[in-house]
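Read from first to last, the chains carry the letters A, B, C and D; within each, the first residue is number 1.
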């Protein structure tokens, strides 16, 4: 019996995931997929769950789809639990972006002020899930896509009793694809070594046919971007000196001023990205309700999370089949990156086995990346500590040390408004 | 024979130094003070040098003052060499501040874009001095006050053959004074432990009468400032969570947005701080020319460098007398701070002996400071590497990783204008 | 064209290697095998080389075997170079064991006094080979079986310009086999994690069907041994507290006194192990001369090096095919083991790719192993430094810090006699 | 009120301590000295206590001496507590040496098998004392001379709630004296830097008149010894390569074989050192009973612990007076030695302040010392864990990893006999 549980099953991404399981049925013979959501997500769960059922039906495979609001029933004896919930729904994300931007500060739903509050809302929920897993399916792997994936994984590792947790992001997958395109070769021919933190990891080495071709890829890297991040190109001399490939998210640090200018301009003209995503989601759900639809609609790919399905299904299949292939995941460092403490969660190339990911040695990072990486890690940990303790001062510290904020005055203003806006979801802070 | 050589002897600070030597003559019986300057500084050297002679004359002590443009003659058999020169004079500093600010970016003459170019101008000169010391007075101690003191000391340690170099700054001295004031006790009763980097060091512990009173001092720290840095107060909850005392310069990082707003406002209204300093210096020199003046004028204390004299003379006296007391200096880490590499220059509480400073263990820094400290250290090292190699890309990297810049677009603009403005002093980049 | 060069091709082990290439021809289609030896080994080269030719002939495969004394001709455009030479032949090994034992001290041809002199004889030769490789086949992989494999690999990594060097030993292979036997499962089902130094590595984790079964294997480990090391059983309480599986060679440290007693007794009764090996080799070569023999004779397995062939051919095949499987090799640490410096050679579980081995993180070693591991590593490095510098004092240091010697008085006596006995091969020390 | 409590006050060393306090009364105006002992030590306490009273009386100082068996009464409001007790008296030490030696293994009352059992007997007692201190005099400094001082201090630091503990040994004091003699200068003119573990620390640097004279002292080091350790001289080439000065105790490691031979010969001829010490003590106590004796008798200096008094009184005075001078003590590493963990107790040059010792950076140790240092530290920790847990297997591990034992067979035999011999004092193991 191979049982998958997807928490936040009502997400617009679910059809991707279903498609992924269908495609890989030969190597990953899933028996049951349980889509779980909460009361607020009931309607979406029904819409997307019925599409999932139609997709499976079309495939002719013996996969059973269950829809439920009863998380504990779903978790019983699960093998893999994926989490893709959004506490507070897109309305909360709109506030995460809108409030900071109204003060001229990045919202940024992962490493920014917005991400901090997303973590505040999500971490208590994921720790509850971890407790249920410990009780109901202690051998299951918790595979978390929920952003901020780095902080959420760190929190589970630090504050729960389960150790079988892996954080997953599509950025490494996307960078791998982009590099293969530069080399004009199939992705499977290209090995990448990657390390850092979620939304803050670098490609440190690219191997093609047994040769190190990193310098060549660096020399072509200038114009890589992702479709949810502003597209300013890297000046090649910078990437060359950096010595590793920055991800699209590094623009928030090395190009902070111009990205902020562009973001504020867009915000003034079109509102937040969250609002655009909401419009896109509304469209998707109106497509999903079409009872004739039996496959993932093309439009889904315009969401930032393209490739999530592939990344997630690949990871699950490699664990299930003890493949020993290398994937980039968020897991405990264990010395692989000497820039971080032994017990900290990092995003790193890891060998995926039936016993979980084993980070491989990627060598020392360039000197100039160590400071930024540690600053973000300490922001992640301070955020975790703030939500666990419910201590306002820790939240203030987390925000002030965040290089996307860098202000005492605005940190205080944003905190005040955000705590008010999200108070329904921040019970740890109410004590 | 105890011989002191002061390079940049025409500086407006020199009377402070002379006063310091006069005051300490009992424990530090200086025979000769050689004030050295370059052709451009000849006039100022004469003015300030004559004041120095009048000050010594008034004291009745057998100290001889020499004024010279011949550095090598001065260095012969020196015991201590202090460096306080300003390559390009205040005009260069005005450009260091004005150009970045015109793009909405901090100039900041130490850790900012301005400081980077000040390092570019100064490092080749200090390395020449180091070569002369190696040849002419190999047992001498080089005591550097020239900003950016951290980078300059790092460069001497990394790229010269002399090991007897110490960087000195008045910020630790000033913080010690401020803490003693909070405790309402004489400074000698209060021990502080300090660690970090130049203009980036924190007080980690305060001991009074054998008791750790750090928490008490933290609870009173809110309103400490220095007279050359904007005075926004720290919110106490932040300092409490930080767990160590930030220096006035930390405002550039934890309060970057508001300090930038204020700096730009001042710049628009009154020009740069460098321009104000220039006005102040003009006033000082017009005082110094008064042949009746036989002491340091009160107005000198309005310059940012108050206490430099005390810091410098204390350091020299402790080396000379093998005192073994604790002072905060810029020296090689040697494992005292595990946040930094073994060989990196740090600003740290050190026992001062006849064989030089020995850093003492100050323990682990708070997690949340490690990232910022490393980011600045990598900026310092990238700056050193850029000026040594003369490689534009390394300069671009240094600027883009600097959290006071955080922009590719403006980094390029500022670099272009700065290289043009300072080209006379940047010969390593012309190759 | 896939070309393999085996230096020390006249070794009695060569038939194993040939058998290994024949067995794996489907995945590793070797075109040419060049067996190289020196003038002293000419006769053995002819005997074993002709057996190799008969073995290939019998297989019907298009592999060409070349026998030569011209190393440079052989190396031209090689893909893989294996080294299994014995400088000074078995006669030298007899002295390596006999001289120390005559003073009541372990000879021990790897980590003992004997191994030190074996390293002294071998390292200059391997560095010459490395120079030839750099010139004649710079993309080739040097796969070293020559003992002491740890030191030899360390020396190549430290003092040559080639980076494609891997040290290989059959102990990990043997331990994997023993563990699989304990679990009563095929070896391929059992994953082991191993780390340490050559002849000093521990199994840190055993995974079966995705579960950690290390504690179970530890509870059964008492009676494991290898056929060339004395068989005293481990007391289970010790292995349990150690927390990792010791290798047979660890008896030299944790059971030093009794192993020494047994070794001296055997020495008194039967001479050194080297003398027994010599007798065995004479028998093997008399078998090899039989022109009807077309396969590896069974007797070869009584030599200590059983499984070398499998280990070597597996490694070469994984590199050739970019397999990405995990093997235990001697390679640069790169942070995988925090007990060692970043650049030191360790014996560690590594993912084997076309670009070479990538160590995987095995986590922290038990506290109590760190000291011994570092002591042996420093012995290895001191030995390398001694032979490179030709400095007697460094040789004395290396011997005195070796826990198998632990004596100043006997170190000096042994050094004196060994330098005399081996002087023909120790030209670096004659200067 | 300055109150000193000496636990184990009936020790034959006590007159040294009393003399030390008398000599330093000007700077250390002790009001009360409480000599505490247990029922078994009552008679010795009376004899030595009365001598102490006569010594004070002769001095004419207003110091009060109290003799008591009531430890808790004594501890009330103490400022300094010194511990010099010997659990099981000298009879236990005789067994500590005799049993291992009867199996051809070092007894060695600190780092050997004997020291392990001395730790087993002492640690439970010192932890009880620590609990009393926590309750009765929480600001007091616990200054431990009881051997094995390294392990005892480690245990207090690890398993008690008091942090004001310092371990003290006379070896550093003695080495300082020996170095001053080599330099033919008063001790105060010579600065030494020292680091390692108790009975395992090295002098890393010697400074005279501000110059590094380490190489000169190394070149003269050959014949240094202490009067309780066998006197074989170091070969100078070894010390030169080592690069630091070994202590007399390092003979147990670098000259293990010859020291063992000599020790066994002595044992066969004269019995153990403990038995000689016992004879010496009997003589001392017969002197002490002489009511005319009012000073420390000369014969006391023949005991191994000469200089303990000076070391102890200097330490207490530096804390009391916040001197900030450098002394070598056993205290928490805090990063001063990168060879050890942050929290481990090391023996290191430290600045002595009213807030306790602050280790100074002594730089990296020579590579070749790291292994041995870590092996001993892990032995110390394993010993602590064994006595705390009462787990036989941990005791077996501790003994087998000890380089002075290096045997499974003899470890088991010695353990069996020692547990039987000392069972009265090993209650933690009886559970």
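The criterion applied here is as follows: a contact is a pair of C-beta atoms (placed from the backbone, for glycine too) under 8 Å apart; a residue touches a chain by one contact, two chains touch by 3 or more.
These numbers were taken from a predicted model, which means no experiment stands behind them.
Trainee: If every chain is reduced to the average of its C-alpha atoms, which one ends up farthest from chain A?
Mentor: Checked the centroid distances; the maximum from chain A is D.
Trainee: Taking each chain's centre as the mean position of its Cα atoms, how many Å separate chain B from chain C?
Mentor: Whole-Å distance between the two chain centres: 56.
Trainee: Calculate how many whole Å lie between the centre of chain A and the centre of chain B, each centre taken as the average of the chain's C-alpha atoms.
Mentor: Centres of chain A and chain B (C-alpha means) sit 44 Å apart.
Trainee: According to the definition already given, which pairs of chains are in contact?
Mentor: All chain pairs meeting the touch criterion are A-B, A-C, B-D, C-D.
Trainee: Applying the document's contact rule, which stretches of chain A touch chain B when the two form their complex?
Mentor: So the residues of chain A touching chain B come out as 104-105, 232, 234-235, 237-238, 240-242, 253-258, 367-379, 381-382, 391-394, 396-397, 400-401, 403, 406-410, 412.
Trainee: Which chain C residues qualify as touching chain A in the complex?
Mentor: Checking each residue of chain C against chain A gives 191, 207, 209-212, 319, 322, 324-326, 333-338, 342, 351, 353-355, 358-361, 363-364.
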